[in-house]
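Heads up, there are several structures right after this.
After this come two complexes, each holding chain A, first together with chain B and then together with chain C.
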Partner chain A sequence: MKQSLYLAYCYLVYHRFRSLVLVTAIGLIIFLPIGLEKLISDSEKEMMARAEAFPLIIGAKGSSTDLVINAIYFQQQEMEQLNMEVGKQLDKTNLGHSIPLLTIFKSRNFPIIGTSIDYFEFRKLEIAEGKNLQLVGECIIGSSVSEQLNLSPGDSLVSSPENYFDMAGVYPLKMKIVGVLKASGSADDKAVFTDLKTNWIIMGLGHGHQDVVDLKDPTLVMQSDSSNVRTTAKLFMYNEIDGENMDSFHFHGDTDSYPVSAFIFVSNNEKSSTILRGRFVSGELPDQVVVPVKVVEHLLQSIFRIKYIFNTVFVLVGVATLLILVLIVTLSLRLRKDEIHTMFTMGSSRHKTFEILGLELLILVFLSTVVAGILYLITGYFVDDFIRYFIL
Partner chain B sequence: MIQLKKIQFRYPESDFELFISDLTFPESSKTAVIGPSGFGKTTMLNLIAGILLPDKGEVIVNNAILNSQSDKERRNYRIQNIGFIFQDFRLVPYLSVLDNILLPFRINSIIKPDADASSRAKHISEDLNIGKLIKKYPAKLSHGEKQRVAIARALINKPKVLLADEPTGNLDPVNKLNIKDILFDVVGKYNTTLITVTHDHEMLDGFDNVIDFKNFKKVTES
Partner chain C sequence: MKKSLNVLLILSLILSACENANKKQKATNPDQKLKVFTVNYPLYYFAERIGDEFIDLIYPIPNDVDPAYWVPTQSLEDIQSCDIILANGADYAKWMGKVSLPSAKVVNTSEAFTESFIKIEEGSTHSHGASGEHVHYGYAFTTWLDFKIALGQAEAIKDAFIEKLPKHKAAISENFDELKSELTELDKSMVSIGNELQGQTLFASHPVYQYLAQAYGLDIISEHWEPGEMPDDKQWDDFKHNLDHNVSNFMLWEGEPGQDIKNSLKSLDITTIVFVPCSNKPKASNFMEIMRENVKNMMAVISADMK
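On to the complex of A and B.
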């Protein structure tokens, strides 16, 4: 056996390119169905775990899928906004409490989530480094954001402009990082959290600028009377909130009318949850309420249907590969007829010949399985990307 | 000593028929077998090697009747007693020169590759002037070098009989003579019986016996 193994090894090493192609082809055929199965089952677990953590989501009427994807996976979708008044109405029901989410902006490709301190308690998110949000203009970053951007408390992040060509648009806001969250293995790791007010400032609903009451430079003032001062564009607007300029930041209008993407509703109990949903169904409360688990289950059903199609395709491709493999082996045997005959002439048995050829195949299949195993292990690292790019 | 007695052999579904009434190859002799193609020269080598079995008659090698032995016994007899040299060298392309020489040890477990096998292979390679080529692959060798490797492979199991089927058929005149000299040296040095099939009448000098299959009679005897 040892000698046959050596001869099989020599054959495969001498024809290394052919062996490599075969190992890759067989490895991929083994890997594809099990890899897809792992991706889908891991994605299902991860998505369901996240969905189960969010009892009810309230958002503007429209696609319930978009609402859930936006509110719990932070994959920003174009959707109508609610306002803060809705949150007040929800809290007045005494059926539980609401947590606002504003998910419009990004910073260096990570979503900025405007919310309240309640969110961290609700999600049981702990601070790994630094402290929690205290002031407007501060932010807390998820562990992946910290790792990928190499940021820590004391550094800063600038909100990305919505439109680079909008000269009259809002200024990007430089946010001070005050804390880094412990890794939770969820979408929270890849988000930047701020207070709602900070988000509204990014939106341009609130701002800070140099004092307009005691302006000395006449070119800054367009019109002035006892109650109003109209300034020119020369007036300096703050794009960072710090201890010195914090008092100058203010909001215009009623904050109850300010936008919110969705509310998480944490009901007191199952009964409260049912009552609240009933109120939405009856039209007593406008907008829509969704149970994330049901929406995600529906979403995953479509994925499973696609998986079955893929599995069928993989079986067919596997059969085709197997037939090609049989063809390769047959042609190889024909090409090696002289070699086999020489060995037989010298005193080898048919059994020995089959042993050598069998070991060659066995080594190929073993290496292919190793390749498939490595790919399978690597697949685990791409579950998040798979969810982001192929499911959501 | 090898004896072929009243041999009758016919390939299935073929008109070819070989008759050998009585043929003896003395130990350590050098015999050349000549004759036109299709007269059964290679068939006779295969009968001596125990690869083919006669329909009638006996192949006797060192007092043992070969055609009464089982397949396994004949395979073991071949690997232990016979060295083969072919016209087209029949080297295994994916094995180095050294591994080609050691091939008999790897294809039949009756002979084990002992500690001496490798050094013996190197020694034979030096004898045949291919010592520097042992790490090379057959594709990188000239015809003459390939045939030397084939001879080294035939000698590695210390065979009692060396069967050479047109060993110089693919070689140029200079290499032909070189290979013939090597084969004659080997017979003297390793005390081997050499039976060579050839078409080349210029190569017949120095053989103890020359058997012409055309007339099937000995034309020379020293």
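On to the complex of A and C.
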């Protein structure tokens, strides 16, 4: 047996290119259905786990799928905004409390999530390094952001401008990183969290500038009289909030009218949740309320219908590959007719000869299974990308 | 083998017992004291009276600082960890708008009175960028000097405590009722003072009595004078100019003014009345006693003037 195994091994090594092609082909055929199954089931699990963690989402009327994708997976979609007043109305119901989310901006391709520190408690997110948000202008980054951008507390991140061609638009804000979240295996790892007010400053709704009444540089003043000071465009607007200029930051208008993308509603209990949903259905409360689990289930059902088509394709491809394999083995036996004859002449029994050939095949199948196993394990790392590119 | 299995079994039993005990401890949270932060002393006093032994009050504001302009530095983490954060509303303590607070725990005690808020201009009109000419507005914030608003703020505190400690509803309500009757008494006294002062103008050393004026129909003109600092000539000239146009015999002071100021006012036939807004913790006494003293001071001066 040992000798047969050695001879089979030597044969495969000698024909290494052919062996490699066969191992790869068989490996891929074994991997494809199980790999896809893993991608689908892991994605389903991950998406459902995230959806289950969010009880109710309140957003502007429109696509419920866009609302959920935006609010819980932070995949920024163009959607209508609510305002802060809606959150106050929700809180006044005494059925639970709302947590605002503003998901418009990005920083180095990671979404900036404006929220309140209630979010971290609600999601049970812990700080791995640094501290929690305390002042406007600060941010906390997810573990993946920290890893990929090599950032830690004390560093800073700049918000990306909304429009690169709008030179006179809102200035990007340089945010101070004060903490890094512990990895949670969710969208939170790939986000930059700030206080909602910081996001409003990024939007230009709040800003800080030199004191216009106490300007020393005459080139900053366009016109000044007892009732009004008109400044030139040279007036310095702060693009970073620190202890010294903090007092100069202010908001124009009523902050209750300021935009919010969605609210997470944490109800007191199941009954409160039902009552609140009833108020939206009856029109007592405008806008829309969605149960993320239901929206995600519906989304997955539609998308995973394609899974059955793939499975059928893989079975057919598998059968075809098996037939090709049989053909390859048969043709290979015919090609090796002289070699087999030599083995018989040298005194090898028929049984021994077929043992060597059988072991060759077995080694090929074994190596193919190993390849499929490795690919299967690697698949786990692509679940997030699969979700991002094929589902959301 | 059997022995080690037994050890494992015992260990797992101990661990599960510990876990259960932990869970039970978490479930018995209602018995724990509420950690409450208040943004100024009047709210501290109301919370202390209403919450009594069921709460632990956090008040890191030093005595010599006006709580409206105090900014937390080291204590912010402690404030964030409170179960209830009692805000005054009406733009009081602007730092609250520049820090991250758990909004679910912040109780705006004057939210029911937003219609009564007094809007004031902050700074001069200015323009920059594309925003055009604008002036920043704020609100007068010594809301508790209208004792009806003060009562409303106390009621908001009561409701917040009952929501968190439903088990102690009866005791909390009883504490509130006591405070309510005292605040109502103060309100009644101020109403009668307001009636006595109809048609009279009062001067005030600082613009802090807006709600007192609004609630009790007082006509108050505010200066920007400090009790321990003699106003300069320009301030006196402005004051005399105002006095020419508004006949008045009284001036409200946040604290006892210096004797020289008192004498100068006396020469203008102005009597000083100390009415302490009590926004920060007094060294001695308490909010209710100080407010009673304020009312008594006003009553005494008015009665003397009548005679």
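Please note the rule applied: the second predicted complex is superposed on the first by the 386 of 392 C-alpha atoms of A that agree within 3 Å, B and C clash if a C-alpha of one lies under 4 Å from a C-alpha of the other, contacts with A are read in each partner's own complex, and residues count from 1 in each chain.
As a working rule, contacts are C-beta pairs under 8 Å (C-beta built on N, C-alpha and C of every residue); 3 or more make two chains touch, one makes a residue touch a chain.
Computed from a predicted structure; not experimentally measured.
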{"item": "Touched partner set for A:S257, first chain B, second chain C, both or neither", "value": "neither"}
{"item": "Partner chain in contact with A:T274 - chain B first, chain C second, else both or neither", "value": "neither"}
{"item": "Residues of chain A touched, compared between chain B and chain C (which is higher)", "value": "C"}
{"item": "Chain B versus chain C as contact partner of A:S152, first or second or both or neither", "value": "neither"}
{"item": "First (chain B), second (chain C), both or neither touched by A:T342", "value": "first"}
{"item": "Touching partner for A:Y11 - first (chain B), second (chain C), both, neither", "value": "first"}
{"item": "Which of chain B and chain C A:I117 touches, first, second, both or neither", "value": "second"}
{"item": "Of chain B, residues touching chain A in the complex", "value": "49, 51, 71-72, 75-76, 78-80, 82, 84, 86, 88, 90, 92-95, 99, 103-110, 113, 137"}
{"item": "Contact footprint of chain C on chain A as seen in their complex", "value": "87, 91, 94, 97, 99-100, 116-118, 121, 131-136, 138, 168, 195, 197, 209, 212-213, 227-231, 233, 235, 237, 246, 249-252, 255, 266"}
{"item": "Sites on chain A touched by chain B in the complex", "value": "3-4, 6-7, 10-11, 13-15, 338-339, 342-349, 352"}
{"item": "Contacting residues of chain C [partner chain A, same complex]", "value": "76-77, 80, 97-105, 123-131, 133-134, 136, 163"}
